[in-house]
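Shared between the two complexes below is chain A, which has chain B as its partner in the first and chain C in the second.
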Partner chain A sequence: MSTEVQAEAGEHAAPAPRRHRTSRRTREALVGYLFLVPSLVIFGAFFFYPFGRLIWLGLHQQNRTGTATRWVGIEQYGEVLGGEEFSQGLWHSVQYLIYTVPLGLVLGLLLAVAAHRRLKGIKIFQTIFASTVASSVAVASVIFFVLINPQVGKFGRVSWLDLENPDSALFAVSLSSVWQNLGLTFIIVLAGLQAIPDEIIEASILDGFGPVRRFFRVTVPLIAPTLLFLVVVLSIFALQAFAQIDILTQGGPAGSTETLVFKIFNLQQPAKQPIGSILAVGLFGVTMIVSLGQFMILERRVHYGN
Partner chain B sequence: MSGVVFEGVTKRFGEVVAVDDLTLEIADQEFMVLLGPSGCGKTTALRMIAGLDDVTAGVLRIGDRVVNDIDAKDRDIAMVFQSYALYPHMTVRKNVESPLLTRAFPVDDGAPRKLTGEEREKRVKEAAATLGLSDLLDRKPGALSGGQRQRVALARSIVRRPEVFLMDEPLSNLDAKLRAQTRVELVELHRRLATTFIYVTHDQVEAMTMASRIAIIENGRLQQVGRPQDVYERPANLFVARFIGNPPMNTLPALFSRNGTASQVVCGETRLSVSEPGSAADGQAVDFGVRPEHLTVAADGLPAEVKAVEMLGHERHLVCDVNGAAVVIRQPTEGAPPQPGEVLHLSADPAEVHLFDAETSERLN
Partner chain C sequence: MAIDTHAPRLDETGRHRRLRLRRRGSARWSGRPGVRARWAKNAGWYIFLTALSLLVLYPIWMTIVRAISTPLPYIDEGQPLWWVRPQWDIFWRAFTLGDMGRAFFISAIMTTVIVVAQVLTSVLAAYAFAFLEFPLKRLMFVVVIATLMLPIEVTLIANVKTIREVAWLGVDSIQSLSAPFLATAFGIFLIRQGFMGVPKDLRDAATLDGFGHMGFLWRVAVPVARPIIASFIVVSFLSAWNQYTWPRAVTETSSWNTVQIALREVSTTRVDQLNIGFAAAIVAALPILAILIIFQRHLIRGLTAGAVKG
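So, the complex of A and B:
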């Protein structure tokens, strides 16, 4: 198409075809924006507008019925984000992230490596490993709850899974998250492993690499983009986790499992909504910083192939 | 220094027989090309030498050692893959160095030991210099052209100085011009290294131009082994006859007739004389074959209708129809070419007629 246009342009005098091309470009840009409209509408209605409203609410106070608001200004952000509520919630969220992300990633990687072998019947194991993807957080949490129930659970007597103890409750909830996310991690890592060309693995065998060296020198670097993606996604999952906490501990005992999201949820009465809004904006900021930080640190060590 | 010997080697994948009772002796320092169409088993044969596929039955030796049960990493071979299989996350230097990391090598005729970093660097630089990669050592494969990647793959294989080099269609990802150039360089490399090269390809031009001997494989079975010229001049069966040569040999069904000392093939209404009939019997159904350069246009002979004329500059090919079969004639470019639709009469050089048994496809003369 474009070469035809250029060929034509060459035959005529210069200025006229040039104008023709510019108008065509404008037209193409217009069409491009037109294609963007549907997603802009959806993002606008369900993300940009609510987010703007959240920021706005954080600048106000609200009465008990939510019928009247009063401007209090940016100082409220400083007070709340500097207060104990935010720092305590953030600390629980960060602990939750530290418990879930590395453990989930390592377990998913191990299962995927095990399932990547071409053994007979491996599909069955792949299905079992991946099964948590198909169960909802609520269902999985209830199953977990039963498993660690002190009266009937198989793991009811394990002290570090005790939901009644403030020292172990957050870890127990984290473990349930690790288990629930394992299917996703497993599937994505397995896909990453299957994308490695056989010939590269064979070349490393002929180069004399044993299984351990091969894993760390060849396999892991080649699936590094996948692992980076998972670190970011699992971190966001961890910072946003809510349902498993609500079902297993409702934030207890003694507030030891009140993550930032759970605190935001507890501040839903109209009078407390502005505080909740500020915590939500704070959580957004933390999530963004964590994700950007991971990208910046890990990106340098990640190879994306050709 | 060592050769490679297949003794009745068979490889099965489930029900599929990839390599069928292969017996082949590859001499030390030979440039052996395993040639055949895709899926014929040639790559499987190569992978068995490498140790990437195990041997179902038979004996495989590298040098004096039976390697059936020897791990790939413990065989003294290096392999260049069709896709080059470079590590994309490593620099050229690291890629070339990788075969040196885990193995022990004899240094200065002493006992084998692992190389120090300096010794490795020295070898990497030598290999890189041999292949003209010295300026590219710090680049990653993604920043290299196809030809450069191919050289890195070669450097990675020569750096460990193996007894046997295995190459699996290493030129197939290069463009035609680079391929022709690299062919010459590979022959040169083979001469300089003076080791055994085993080279798999489906391209008979590569086989003819580089091999000291060619092994032609079809359906997992060895069809013929020989020097390129021998295989070209005396193909052992119809498959080899049609596979080697470009354009391929013309073959037509005919009857053989022996009349006293005069031997002829009867093709339709036409009789063509044969000077060396071999074991062909009077009245036997044969396929007779003539290479395009051994057919000439004559006053009478096999009637052929010209379908197309291909001009190649230094020569031209006449694509003709003879009794429904395509026949190609190679001609010098002198004189006006015949026109499509024209009917020519072809005669064949009696000394250059190949006879194949119509039933077994085996060579008769």
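So, the complex of A and C:
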């Protein structure tokens, strides 16, 4: 309180002349941009410039050493985005999303609901459930290598986890992502559950809601924004999956685990860069559509409370 | 300590509970035990929670067993749940043998560079957005948001080209491993949020005391936003240490492998030496596990930022 009074008094005591104030404003703008420059330089050099360059590369062809480029025009986009390489990669990425997001969300929700109660020692269980957050994609891949590698894995010969069968390989790989993301999903859902005011739960009990009805009619709608956030995050993770495939299958068998990012990664030789660039622009578009679409579809059904 | 509520409480199953004491901060995370000695009634929950824990931990346990066991005898025994002919020094050997020690060193330097740079660039930009007025401020904010739509997977090909073309970057260098991550929109948003919590009175008082922008930033704003900056550091460390795609793209010789990239070698190692790779995976996760346990509160605040309202 006293500082406020002092501040006011200070302003009254020394009314700044107009010229001085404008120069102060200019100075403030200068400082503002000075502070923004470090971030803007990085964003310009490693986010916007390369994106522009991808689009430019997609309009050209390159020789094998990358020393000569030739304009081929926008038709190349049509050819590549309509071609098999893109549709196959996209299909694998979408499959990966379908395998990982619903399963991961349901399991994370199960863990969070189970651990959201007042019990002695619940913190131990919460720490265990959160623990997979410590594993990177690469660590999770090695851990699943132990379980499902065809030669040395404990479950390497289980038919629906067979990494050597094109029909099951992508699903088997996806389980490593489901497991790895459990910790993050658990932490975020639990935080959502803990943010629900107790009065609402109490009121629903007074209204005669049983545990199951209460879960679907009260709890889930209340944590819907959290779940929506997770659906978006997990979908983006799925569309960016690379390390799992690089470590567990290297794209095989018969290209059945070549996701969009895996293909982009392997189209880096100068002659193939234009194709890779168009796939990357396609990935950008798909990521946008998926996250915007999820927002628009789910937003209407989400209750933000307040 | 603050009393959470005065009304009798109901838990998930609808039973009445006594008043709960809640410690500020950590209480959200830890469900505190309400009534003592409900062990019998809660036995069902304990069994269920234990079963879930075993399910979550099973893959980790199998990897530890696999790392400790001598590979071929373990497979001959039919891959049991317990180790076979254990080699207890395997974790140390995984660290010292071959490139793993060097990989840890490179990961550590890369992570430090990224975290320090991200904190500096984000604090400065967040300060500009939170406290300063300048032309095109909204546009600049949109520019920052737009970077969220351009993850490294999308820009990979063009960024690798840049790395190869610019002499002072170049593949197999700390510069190239860290360059695209020296600034991050996430950090700017998060820290800006923290700065917006600085009371206006404090600003006016600081101005009156003759603090310039730098003085106010480092002496007032940063200390006030310290919890949020700490959360950001933890998440920044986590993602820098764990990243895979970019380091894989700008590393050509194995002596420049980060830990995560070095783990890839399990897919090409001979069966009788796989235990070293498995041990390496466990060791690679340890720094993050330590952070999870020590800075749990900060990690959770960082991870849930944006996800939970209120």
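By definition in this document, the second predicted complex is superposed on the first by the 258 of 306 C-alpha atoms of A that agree within 3 Å, B and C clash if a C-alpha of one lies under 4 Å from a C-alpha of the other, contacts with A are read in each partner's own complex, and residues count from 1 in each chain.
By definition in this document, a contact is a pair of C-beta atoms (placed from the backbone, for glycine too) under 8 Å apart; a residue touches a chain by one contact, two chains touch by 3 or more.
Just so it is clear, the structure is predicted and the values come from calculations on it, not from any experiment.
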Between chain B (first) and chain C (second), which does A:Arg118 come into contact with in this model arrangement: first, second, both, or neither?
second
Touch test for A:Gln62: chain B only (first), chain C only (second), both, or neither?
neither
Check the residue A:Gly192 against both partner chains and state whether it touches chain B (first), chain C (second), both, or neither.
second
Kindly classify A:Ile205 by the partners it touches after superposition: chain B alone (first), chain C alone (second), both, or neither?
both
Just checking: does A:Ile264 make contact with chain B only, chain C only, both, or neither of them? Give me first, second, both or neither.
second
Contacts for A:Lys154 in the overlay, against chain B (first) and chain C (second): which applies, first, second, both or neither?
second
Larger contact residue set on chain A - chain B or chain C:
C
Determine, under the contact definition given at the top, whether A:Val218 touches first (chain B), second (chain C), both, or neither.
first
Going through chain A, the residues touched by chain B and also by chain C turn out to be 202, 205, 305-306
Given the complex, residues on chain B that touch chain A span 50-52, 72-73, 77-79, 81-83, 85-89, 98-99, 101-103, 140-142, 156
Can you list the chain A residues touching chain C in their complex?
3-4, 6-7, 10, 25, 28-29, 31-33, 35-36, 38-43, 45-51, 53-54, 57, 110-111, 113-123, 125-139, 141-147, 151-152, 154, 179, 182, 184, 187-188, 190-192, 194-195, 198, 201-202, 205, 211, 225-226, 229-230, 236, 240, 242-243, 246-248, 250, 261, 264-265, 267-268, 273, 276-277, 280-281, 283-284, 287-288, 304-306
Show which residues of chain C lie in contact with chain A when the two form their complex.
5, 7, 9-14, 17, 20, 28-34, 36, 38-39, 42, 45-46, 48-50, 52-53, 56-57, 59-60, 62-63, 66, 71, 75, 79, 120-122, 124-125, 127-128, 132-135, 137, 140, 143-144, 146-147, 149-151, 153-162, 179-180, 182-183, 188, 201-202, 204-205, 207-208, 213, 238, 241-245, 248-249, 260-261, 263-264, 266-267, 271, 274, 277-278, 280-281, 284-285, 288-289, 291-293, 296, 299-300, 303-304, 306-310
Residues of chain A touching chain B in their complex?
197, 199-200, 202-210, 213, 218, 221-222, 224, 303, 305-306
